[in-house]
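Read through the structure below, which is laid out as structure tokens, and then see the notes.
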Amino acid sequence: MPDPHKITRKVQFADTDLAGVVHFSNYFRYMEEVECSFWRSLGISVNISDGDGHIGWPRVAVSCDYARPARFEDDVELAITLTEITEKSVSFKCEFRISGVCIATGRSSAVCCLTQGAKFHSIKIPDEIREKLQATMEG
Amino acid sequence: MPDPHKITRKVQFADTDLAGVVHFSNYFRYMEEVECSFWRSLGISVNISDGDGHIGWPRVAVSCDYARPARFEDDVELAITLTEITEKSVSFKCEFRISGVCIATGRSSAVCCLTQGAKFHSIKIPDEIREKLQATMEG
Amino acid sequence: MPDPHKITRKVQFADTDLAGVVHFSNYFRYMEEVECSFWRSLGISVNISDGDGHIGWPRVAVSCDYARPARFEDDVELAITLTEITEKSVSFKCEFRISGVCIATGRSSAVCCLTQGAKFHSIKIPDEIREKLQATMEG
Amino acid sequence: MPDPHKITRKVQFADTDLAGVVHFSNYFRYMEEVECSFWRSLGISVNISDGDGHIGWPRVAVSCDYARPARFEDDVELAITLTEITEKSVSFKCEFRISGVCIATGRSSAVCCLTQGAKFHSIKIPDEIREKLQATMEG
């Protein structure tokens, strides 16, 4: 298993809710931030324009399990691993950690799509992207 | 099986992202809106203050499966059903529909907690609340 | 002076922050909601596609003055008035009210733009739109 | 005039809207991020608990002028300056820059408040905080 890709994200005031903790929906925004950082670490953007439209990765399934809350100004380590590549999709697992303790675990699956105007068409993952992704699974 | 509790939510401009569709994290905000509406329909708030603190319902697990996108100014019907009550937790299923077509399905589980300052303690669901919730499961 | 266009918006859980009140940035989202509702009341969308691109209204200036906080499940009345139309721009004023008391006042100015891909070009407000807007200023 | 306090903030996917740019309301979240970073640089948190409640800084007025859009993965420099201290309030100015070009200018004023449960009381800025703030105005 390869090492996960990691970033640290400080909890911002606007991320919290009246319970004094990070709103549960914001874990998905944090997870997207580390996913995009993972793509950039491979020299790819998660949003590529070409002549015909954009290549993007709409989510088809996401989940999160929460063990402990995160609070304002906590430094949350986000550790993401690519767990699966199929012909058209990728799946990630993300651990959220504070001071080394896992506070939540997220998962997401996304499909490679060509978007033209308002339409999305799923496509095979382009070879150049596939090769870079697979290299990360070999550690 | 009882009828779900339903509201209709118009997609707002700020709910969308550069792909021209509702950002995947916002489905969890929509789901929370219909959950809170469900609680209100029972005459309860999801956030109750008492002398000692607040009774709240932090999520322990959530998921969403996405079939089709939602776009600016779409009217999304949110249909929520209470699927399980345990001693301390509740679980919901939410269907997102546009023009009668299911575009996404969300699930969430939350634990009844007493919050005092920065601390959360899980507690048994108060009887008065349990009775109202169970009545909805009997249709 | 014409009557303002009004909607009522219930404060949602995700709108709040750890201070227990609606986060100050969300007033601008509420204001956008009533602006879009105002456009719809005239039979126009704030986002129109045509063959060449989209006609949209990016903000050039916004402000908000806050007098009292809004809290979870408050019903906030949003009352918007078109205050000025120039060749290319519109300006709005929005009052936020709870139980008839003004808790905040927002202002925004937006410029009519044609957007093509990543480019925005300011354009004269199309006559059909201008006429509908001006009719609202005559009361 | 002292040097502004600066951070760089990468535009995240969820910050954008269907026009392909950062939603105008998110500039206020960016501004809050650099404000909180400024407080931390002085060794203070913007949210201090004490025995009686919290000391916080609710906004009384904010504004933003927008000159050019910001897009996904842009690195936005946020440069904040404390522009005024009164007995109970502080005012900030924030420039948003991409590649050295100012794309927006924000302003905010906030009042020092003691919050106890659901109540906010404005108070004189504590001396220890005032001294640190004033030192930044002397450059």
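Every chain is named by a letter (A, B, C and D) in the order it is written, and numbering of its residues begins at 1.
One rule holds in what follows: a contact is a pair of C-beta atoms (placed from the backbone, for glycine too) under 8 Å apart; a residue touches a chain by one contact, two chains touch by 3 or more.
Source: prediction; values computed, not measured.
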| item | value |
| --- | --- |
| Chains touching both chain A and chain D, listed by label | B, C |
| Comparison of A-C and C-D (more C-beta pairs in contact) | C-D |
| Maximum centroid distance from chain A, chain identifier (CA atoms) | C |
| Approximate Å spacing (C-alpha centroids) for the pair chain A, chain C | 33 |
| Centroid distance [mean C-alpha coordinates] between chain D and chain C, Å | 24 |
| Residue list for chain A, restricted to those that touch at least two other chains | 13-14, 18, 20-21, 25, 29, 32, 47, 71-72 |
| Residue ranges of chain D touching chain C (in the complex, touch as defined) | 18-21, 24-26, 28-29, 32, 47, 54, 56, 58-66, 69, 71, 115, 118, 120 |
| Chain D to chain B touching residues, read off their complex | 13-14, 16-18, 20-21, 23, 25, 71-72 |
| Chain A residues within the chain D interface of the complex | 12-14, 29, 32-33, 36, 40, 45-47, 72-73 |
